[in-house]
Every structure is written in structure tokens, then in C-alpha cells.
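Dropping the structures in below, format is C-alpha cells.
Same chain, two partners: chain A is paired with chain B first, then with chain C.
Moving on to the complex of A and B:
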């Protein structure tokens, strides 16, 4: 273990690991075949800083106003001891009326340093509830859960954990996108479920470690969103079992990162060689070509949708373009040309100037046929 | 997508600019369509910040909804769209009675809305949903109301789901059927990078031009989502200022917001009209006019519905309407694919790469072949045979009906397929127009054949009062999601 963490430490350099959050964990399930990202994430490398230093920053994708509207909605729902929330939960979870109680853990502080304290408190409150002891609490607000990612503890902050008298815990996510006529926008709902899956896993782990069954945690996520075009909240339920399974698989994979590390040449590092400790004033002094060489020892798998979940996407895109990889043409071309890496190779097979490998015979025949039809339609190969 | 499209993508990448796909357009492009560029207020659902709209490329109208002043915006936008729509209500024609259909009055032409992509089409649908249940204020004309604006937007957005409809054109979607680029479908969903590949500025490759078009401050991406960089740079301070100011100060901030919205939308406006002109320049396939006729009929019917005081579209289709709609959507897609194959070389060529079509030479014919009577009172039937040899990789099963562009009305069935190492011999039996001499081409003729358009028989659906109890409670569906494609 210590040799692993020292290995990862060498990759990262003398900086704090970039902390994971539910969003970055959710991203693990997208494009899991990318080894470059698996290694960078395991080592806690700041991918955004890498991309900026390499001249391929990803433009911001979060609207500042949407963020503040989201925070406002959450505050509104949780206002007055979660009055609005409580009536919604009573409805959906059949929370017993007299037991309704709200515990806000943010009173313990919201700074990063308070995370440990809040986690300890969350843990003891949840275990109390699981044992059926202590004051009956039905809502834990701003709890902090812990998840082990690549051997390191990561703190996660779900919006809310609700407890039902029958002994089941529920993860509640508050989102500001509207559910109109019972339908959530697909991409946003999918993102929310993946984040919720990270919280559910963390909660399951907490309970299993204390000897409880993971089945005490509901695998159905409760989503609180504005209803239709109003600011009035509504509750929906989403089955998160599939996402939990797939996220668990990716987390296990990060645990087995040694296999991937073993394939790297010794002494490789992604250290940006900052000239000082202060994050606001320091400059990265790492030679760019040298850094690129180091990154090239890891195998990237560029996909057109990488930009939605990986800050290094534009760097990998530029590399894919430079290498004339089929990947830049998108998923349908990649599927059509499975097994062929470059555009030149595919064109060579199509015009017959390149001999197919034994496993490419069928595809080469189809390509040559398509090419002859293409020539009939659009004229010579010029 | 077909291997042919993929090959054109590869060529686009190699040659640094977009390569042609289909050269014939299957949707109608009106002489005076209305281009609509919606821009949503960040962090809200279907609540516009601005809409740029109009039929004259040189004179865009910008409708601005400064925070706190939505109503004026909606009335103005409604008036603008209603004026356009109602202008088609002046010219009518009579469609004579046909079969069971009585004689009907129809409009001569229909309005056409144009958006840049799927996201904007979906946005109009959501905006329509947000507006169509608004009450019509007492003493005002419903025909110019915000509620009717919502109904019309819903009408256009719903028609856009039919592959055959031209009432709401989606520019990036259409351009992508005519050009292959060296980038992914995801990148092609934005107008600026797509147009950059089709018309790269002199001295730039398509890839370089598309990269240049990615800078959100120089080339704001088409809406309806405001780019976050632009929001931070131009809008955030204005939103804050508008919150606290009144009177002249507010006027000043509103003017600056107007400027920002114009700066954001103007490049897309110009590009979109260039795209419209480009699409209009492509010759239409023959069946395009018939499809537009169907659109005009739909427009007439919905105009009549609203004029008669009909209610807005329901939030959810009941099960019968939903089933009918699904059947119609499928039929629209299938009939479009079939008629395009017979009218467009490219679509036929694509089918040849997938094995659904082939080109071959007639090697043998039996024009006078007859088959014995099928029943006691029937006479022998004339069923000519044709043998065709092709080296296309055919994937057809016996009994499949085929037709070709040489005479789409002649349908022939596959009787037998014989594969040899180099080619395939196919024996065909002519089933329609059998007495017509042209239905049996001479030996040596080259034929292009693909599956004949299926005859569409509308399935029988129960009437609304006969829906079984198991299907009557539709309830609310929990927000669904599709697992990401990479999770396999």
C-alpha cells in the first residue's frame, strides 16, 4: 500500500492530491477504457492545471447564474428546518409525522478543515439511527460521507440523508433543473443519478463497516427539483442500481491501478514543477515537451464526449488529430472501422494501396466496395 | 451511418474540407422562412433572455426579456410570430373530393420556422409547453395571445419529430445529411464548426476553421444555452446591475443587455441565413413537394382547430393517441427512407454498401412466363422472370419485394439467390405492371434495385372509451434516463 501511494505521489509531484467529489467520481464511469485518465485520477493529478499548462484548457461549462440559482433553490427547500422538504418526504417515503426532525451538520463548520469533524458526527448519528438509539432523527442536512478512492479517503457531501422508521436510509439530491410533466431532461437526470450513486455507495460502506447490511440503504435516489416552470419543489424517485454497479466497478478498477502503473516506465512524473507553494502566485515551470512525453507513456482513448467529463479533453483531441486517429471522427466512424487506428490506414485499405492484416480482410473488402461506389458517385480518387 | 458516409468523413479529414453526401434535398425550403434564434436565461427552464427572429436576413428583430419584464417580451414575440403565421391565412384553394374524403378548403402555403439545431427545436417545444396554458386576458383576441403562441410553438416542435415534415427546419441536422466533416456528430451539432468545415475561410483548413469557431467570445455558439464564458464576460454584471436599478439607470442597463444579446446572436444569424441559402440551392427530390403538401394540410387543420376555439395540446397523450402517433412517426421515417432511395443516387449507393440494394446486369429474361391458376375460378397469371447478376454484397431474403428508380411502380419479388465467389445471381419475379412491356428490361440492361416501399396499413386502435383498464391510468412517469453508451 505504501509503495503504491509513494508511486502515485511520484506521478503527482510535491502537491496535494486533487480531491475527488461526487461529480468527478461520476465521471469515472464515462469512457472507462481511457488508461491515461485512470492513472491521472488515481494519482490525484490536477488535470485542469495540466491542460492549462499544455495550452489546451477546456472552456468553462458551468453557468455562474445557474450555480447561484441552484444554491438558492436548495436553500429555499431547506428553509425553516426543511419544512417544504419534509412534506415531500412524508409523501414519498411515508415518514412518520411525529418523528420528523431535522439535524443540520453545517453548524459544525463548512470549511475543508471541518470535514473530518462533520464526517465523524455524521457517522455517529447514522449509526445511532441504525441501532435505533438516540433521539429520532429523520433528516441529516449537510452530512459528510467518506469513500475510499484509490486507497485514499475522499469526503463527499450529499445534500441530505433521510431515515425512515422502518430502518432504511435514503439519499436525497436537490437539483435546480425542472421536471416538467413528470419528465426530467435526460442528460441532467443521468448526471444526478450517477452522483447519487457515489453517495449511496459511501453510505453502504459506512454501514457495512459497522456490521450492518448494505440493504439498509435504499438504491432508489430521491430527487428534489422544481416542478414544471415554477420554483415549487417536487420529489421524484430514480432507480440507481445500474449506476451503483457501474461506479463500484470503476472504483474497484482504481484499487487495481497497480497493474496500470506497472506498465509505466520508472521515474515518470506529471509534476508541473511549481516555483512556489502559493497556489495563487506560483507558476508551472515543467518543460512542456517533457510533460507531453510523460503523458504519452499513458494510453489515451479520446472520445468526442470527453469534454463533458475530463479537463484534459482538448489536449487529447489535439493529439488524436495530430496522429490522424479515427477517434476524431466520432463514435459511428470508430464502430464502422473497428480495429483500424488511423485515417491514412483506413483510406489505404479502401483504395487498395495497403494490404489488410488477416483480421481486417472482411472490413477491407467492404471498404473497397464502398470506395468503388464512392468513385462512381463523386468521381476519381484525386 | 453507412460505410459510404464514413469514407466521406475520412476524405474530409484528408482533404481538409467537408465532402458531399446526398446532393438532393428532401425537405422543402420556403421562400420566406422565419429564422428563430432563442437564447435562454441561464439557470432557468424555458425562460428566454432574448429571441432573434425574422424573415429578412438583413433585418433581424431582437426580442429582449430583461429580468423583471417578461410580459412585454412575450406579447411582442407573440405578435411577431402571429403576424407571420396569419399571413398564410389569406390565400386558399379547394382540394376536390377524393374517395371518402369530401371536398376541402386548404391554405396555399404554410409558414416555416428554422432553428439551428436539435437543442433549439427542443427549446421551442418546452417554451410552447410553458406558454400554451396561459389564460387569454379578458377582452383580447385569442388569435394574438401568448397562449396561442405556445400552441403554435408546440405544433411546430411536434411536427418536427416527423422525419417527413419541413414545418420546423433544423439546420445542423439537414446540413449533416448533405456534408461529411472531419469531426464527430457531436461537433456537427453546432452551426459554427459545421459551417467552418463546409466553407472554411481562404487559407484555413476545415479543422483550423472549426477550432477558430470554438472561441466563445469571438464566435458565440448557437443557443439556446448562453456560453458560460460570455455570461461571465458580458452578462453577469448586467444581471446584478438590473436587479438594483430603476428608471434611467435601468434603461441604460437594458440597452447594454440588448447590445450583448445582439452581439451574441448576430454571428449565428448571418451564418444561419447562409446555411438556409445553401440548402435552398440544392435541388429537391420529386417527392419533396408532396411532403410539403402534407405539411400545408396539417397547418390548415391546426389553424382551423385554433380558430374554432380548440384547446391547447394536452400535457400527455392518452394511450391511443400515443400509439397512433408512434405508428405515424415510424411510418414517416420508413416512407421517407424508401422514397429517398428511389429518388436519390446517394441514398441508393448507401444501401448498396449495406446490402439492401444492388446494381446488376440483366442476364436472362422470360417475359411470357405464366403461373398456374391459384384457385378454381382463376386464370393463369402472367409473372415474367428476370435474372440479374451483381457483384454487390447482397443481403436480401427470398420473397422480398424490390423496385428500382427506372420505374418505381414495377415491383418484383426475389425468388432465388445463388452465391458464387465473385458475384450473386438473383432470380426475380415481376409482380406488378406485368402486362407492361417496360416491366421486363432487355438482357444486358443495368438495373439498380432496392426494397420496394412498404404499403402502410394503419394499425387498428381501440377508440378512447374502449381502452382496457390496464392502460387507462397513465400517471406520472419518473424522470427516465439512458445509461451512458460507455458503461457497457
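Moving on to the complex of A and C:
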């Protein structure tokens, strides 16, 4: 393990590893085939700094207004001991009337330094509730859970953990995107469920370590969102079993990163060679071509939706454009043309200037057919 | 006393004419300069006008402020008034909402932002100089200040402590007290002011059994059934009260043993809280 962490340390350079959060963990399940990202994530490399240094920064993903709207909605739902939330929990989880306890852990401080304390307190409260001892705990507000990712502890902050009298814990996620007529925007809901899956795994781990069955954590995520176009909250239950499984698989894979590391040439590093220790004033001095070369030793698998979860997406896209990879045409095109890598190869097959390999016969026929239709339509002029 | 006002009026008139000329000549720099000058003149005019306000005839119509006395009360007294009405610790947002619904004038939460710190500073510099202080509620776990909740120092320690169930108990109690006050002030539910109506509706939505069976969610404008709301709140309150009182009494006992006078009012400093936690 020590040799592994030292190898990862070499890759990262002499900077602190970038801590994961629920969002970045959720992103692990997206595009698992990308080895470049798997290695960068395992080593805790700051992909955003890398992208900025290489001149392909990702535009800011969330507007400050969206963030403040989210915070506002969360505050509204949790206001006055979670009054609105409690009605929803009673409705969805059939919480009995006496279970209305609300414990706010943010009194211990909300700064990053207080994370440790909050986690310890969350842990003891959850175990107390699981044992059925101590004061009654129904809603734990601002809890902090811990998950081990690539050998390092990561602190996660679920919106709320609810405990039910039958001894089942539920993870509650509050999101500010509207569910209109029972329909949530697909990508947002999927992201929320993945985040919830990370919390559920962390909670399961906590209970398993204390000798409880992981069954005591409900695999159903409770999602609180605004209803239709109003600010009234509504609750939906989402089965997250599938996401939990795939996230667990990815986490295990991060642990087994050795195989991927073994394929890298020795001495490779993604260190940006900062000229100072202060994060605000330092500048990266690493040679860009050299860094690009280092990145190219890892195999990237660019997908059109990479920009949703990987800060390096624009860099990979630029590379894919350069290499005329099919991937830049989007997922449906790359699925249709499975087995062909580049646009040039596809065009070659279509106009017959390139002989198809034995397994490409069908595809080549289809491409030639498409080409003939196109020629008929445009008279071959286009 | 009228001459300066006359002079100002004349000056303002000249400025306005100059502004129109500047606009015709499209001289933006001059225009903005004149506009600033006019604003300054207007301010001096207002100041003089108010100073003269004592003179008969120039008095502002008082009808715009139904309770000018209440509006001029210091924020801490307004908070005291609301807390006395609710009888339970409350967050600035609720205090502001209740104040707006029941009393004249508004009490924006921004005015309450520094209140807690000011009160504590005042207490520490000369303890007991004021008849009451606004203090934070204390958490039953750590006896440290709870987030955002305000109380009055003259309340018994038990009532200034919040346990796990207290948030719900406070919610239900405030619903009861608020509806009582609303009924006293506006016996006819049809004439209830908007702020009060919204708050009552919020309570009714989140207390089981508080909405009439024929309630239509699409039409929140219908007059709420206050009696039903009160009955529902009382029923749920009966479920929680015993446990909650027990928790709080225990915590209060601990606080009396562990904390000094200032600590019992403003909470244990965080270091002590950390120590307590490592022991338990």
C-alpha cells in the first residue's frame, strides 16, 4: 500500500490531494472506461488546475444565483425544526407522531475544520439511535459522514439523515430543481440519486463497522424538491440500489488502481510545479507540452457528456477533435459506428477508398449505402 | 423659518430648468452633475422641512403610519414583544414574520443580525444593567448557543434550553400563541391581514389534522379554520410535551452545576462544549 501511495504521490507532485465530495464521487460512475480520469482521481490530482494550465478551462458550471436558490430552498424546508420536512416525512415514511426530534449538528461549526468534530458527533448519534439508546433522534440536520476513497477518508455532507422507529435510516436529499407534474429533469435527478448513493454507502459502512447490518439503511433515497412552479416542497422516493452497486464497484476499482499504474511508464508525473506554497499567489511553471505528453500516456475515453462531470473535458475534446475521433460526433454516432475509431476511417469506408477489415463488412456496406443516398440527393456535388 | 425653504425651492426649480436645457443639448456630463446637485438640494429641503415639521400645517399626515410609536421602538424591544407573545425561543425569521403580521411597521431580519452579539457585549461590560437581555437558546447536548434562536433572559433556564424535540414543541406552541393573538386582534377571519393569513396557512399545512377535510390545496385564500388548527396543535403538543420537558429539565440541572451566570445566559464557550463531549 505504501508503494502504491508513494506512486500516486509522485503522479500528483508535492501538493495536497484534492478532496473528493459527493459530486465528484458520483461522477466516478459516469464513463468508467476512462483510464485517464481513473488515474487522476485516484491520485487526487487537481483536474481543474490541470485544465486551466493547459488552456482548456471548463466554464463555471453553477451560477451563484442557482446556488443561492438552492440554499434558500433548503433553509425554507428545514426552517423551524424542519416543519415542512417533517410533514413530508410523515407522509412518505409514515413516521409516527411522537417522532419529531430534530438535531442540528451545525451548532458545532460549519467550517471545514469542524468536519472532524461533526463527523464524530454524527457517528455517535447514529449509533445511539441504532442501539435505541439516548434521547430520541429523528432528523439529523447537517450530518457529516465519512467514506474511504482510494485509501483516504472523505467527508460527505448529506442534507439530512432521518431515522425511523422501525430502525431504518433514510438519506434525504434536498434539491432545488422543480419536479413538474411528477417529472424531474432526467440528468439532474440522476445526479442527485448518485450523490444520494454515496451518502447511503457511507452510512452503510458506518453501521457495518459498528456491527450492524447494512440493511438498516434504506436503499431508497428521499428526494425533496419544489413542486411544479411553486416553492412548496414535495417528496419523491427513488430506488437507488442500482446506483449504489455501480458506485461501490467504482470505489473498489479506485482501490485496485495498481493495474492501471503498472501500465504507466516510470517517472511520469502530473505535477504543475508551483513556484510557491500559497494557493492564491502561486503560478504553475510546468512545461505545457511536457504535461500534455504525460497525460497522453494515459488513455482517455472522451464522451460528449464528459463536460458534466470532468474538469478536463475540454482538453480531451480538443484532443479528440485533433485525432478526428468518432467520439466527438456524440454517443449515438459512436454507437452506430462501433469498431471504427476515427472519422477519416469511416469516410474511407464509405467512399470505398479503404478496404474494410473482416469484422467491418456490415458497417462498410451500411456506410456505402448511406454514401450512395447522399450522392443521389446532392448529386455528388456536396 | 420659511425663507431657507423658499430659497431652496427656487434653487431646485432653477436646477430643473437647467437639466432640461442640458438634456436638449445632450450634455450628459452636465446633466449628471445637475442631477446630483438637485438630489443634494432635495435632501437639504427634506431636512429643513422635517425640522419645521413641528409648525402647524406642515405636519406629515400621520395616517400612513398607524402606529408610529411601535415603528420607532428599538429592535430589541420589538423582539421582546414578539417573544413574550410566542412564549418560546424563536428564530429571527419567525420573529420578523410574526411582527409583520401582528404589529405596525416592519422588523426586517437584517436589524436582528447583530442583536445577539450586542446584547452579550452589553451584559459582559455591566452585568444586570438592563431589565432583560436577549440571549441565545442553549442546546441540551452541549449547553452551547443554538443556531439563530433568541430568548429573553428573564425566562426560566428550562425554557431557554432546546432539546431534540423542542423545535417541534416550539413550532406547535408558537402556532397556538400566534392564532390566539390573531383571533384577539382580528375576530373576523375574513379581514385577517395577508402576513397573518400566510403564517396561519403555513402552520395549518404542517400540523397534521389542522386542515379542514374539504380544504382545497389550489385555493389557499379561503379563510383558515383557526379553532381546528389550535385543536390539532394541542393534540400533537400533548404527545411531545412530557419527553421534551424531561430533556430540558435534565439539561437545565446540568447547566446550573457547570455554568456560571454569564454561561447560563449566553451559553458555554465552545471549548467547554468540546470537553463535555469527550467526557460523555
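In the analysis below, the second predicted complex is superposed on the first by the 375 of 382 C-alpha atoms of A that agree within 3 Å, B and C clash if a C-alpha of one lies under 4 Å from a C-alpha of the other, contacts with A are read in each partner's own complex, and residues count from 1 in each chain.
Note that in this section a residue touches a chain if its C-beta (ideal position, glycine included) is under 8 Å from a C-beta of that chain, and two chains touch if they have at least 3 such contacts.
Only a predicted model underlies this, so the values are computations on that prediction, with no experimental measurement involved.
Partners chain B and chain C fit side by side in the overlay (superposition on chain A). Using the contact criterion defined above for the overlaid structures, shared-chain residue A:21 touches neither chain B nor chain C, since it reaches no partner. Once chain A of one complex is fitted onto chain A of the other, the partner contacts of A:10 are absent, as it touches neither chain B nor chain C. Once chain A of one complex is fitted onto chain A of the other, the partner contacts of A:208 are absent, as it touches neither chain B nor chain C.
In the superposition on chain A, A:242 contacts chain B only, with no contact to chain C.
In the superposition on chain A, A:103 makes contact with chain C only, not with chain B. For the combined model, the angle formed at the CA centre of chain A by lines to the CA centres of chain B and chain C equals 90 degrees after rounding to the nearest 10. Of the two partner chains placed by the overlay, only chain B lies in contact with A:29; chain C stays clear of it. Contact with chain B, but none with chain C, is seen for A:373 once the two complexes are overlaid on the shared chain.
The larger set of touched chain A residues comes from B, when the choice is between chain B and chain C.
In the superposition on chain A, A:303 makes contact with chain B only, while chain C stays out of contact range. Between chain B and chain C, the shortest distance over C-alpha atoms in the superposed arrangement works out to 9 Å.
Chain A meets chain B in the complex at residues 29-33, 59-70, 176-184, 186, 189-190, 193, 223, 226, 228-229, 236-238, 242-243, 246, 303-305, 321, 324, 328-333, 336-337, 343-344, 346-347, 350, 365-367, 369-371, 373-374, 376-378. Residues of chain A touching chain C in their complex: 79-84, 86-87, 90, 97-98, 100-104, 106-109, 117, 121, 135-138.
Of all residues in chain B, those touching chain A in their complex are 1-4, 6-11, 13-14, 19-20, 41-47, 126, 129-130, 182-187, 207, 214, 216, 225-229, 231-232, 235-236, 239, 315-316, 345-346, 349, 352-353, 392-393, 476-487.
Note for the complex: chain C touches chain A at residues 91, 93-94, 139-142, 144-147, 163-168, 170-171, 202, 205-206, 208, 236, 239-240, 243, 247, 270, 273-274, 277.
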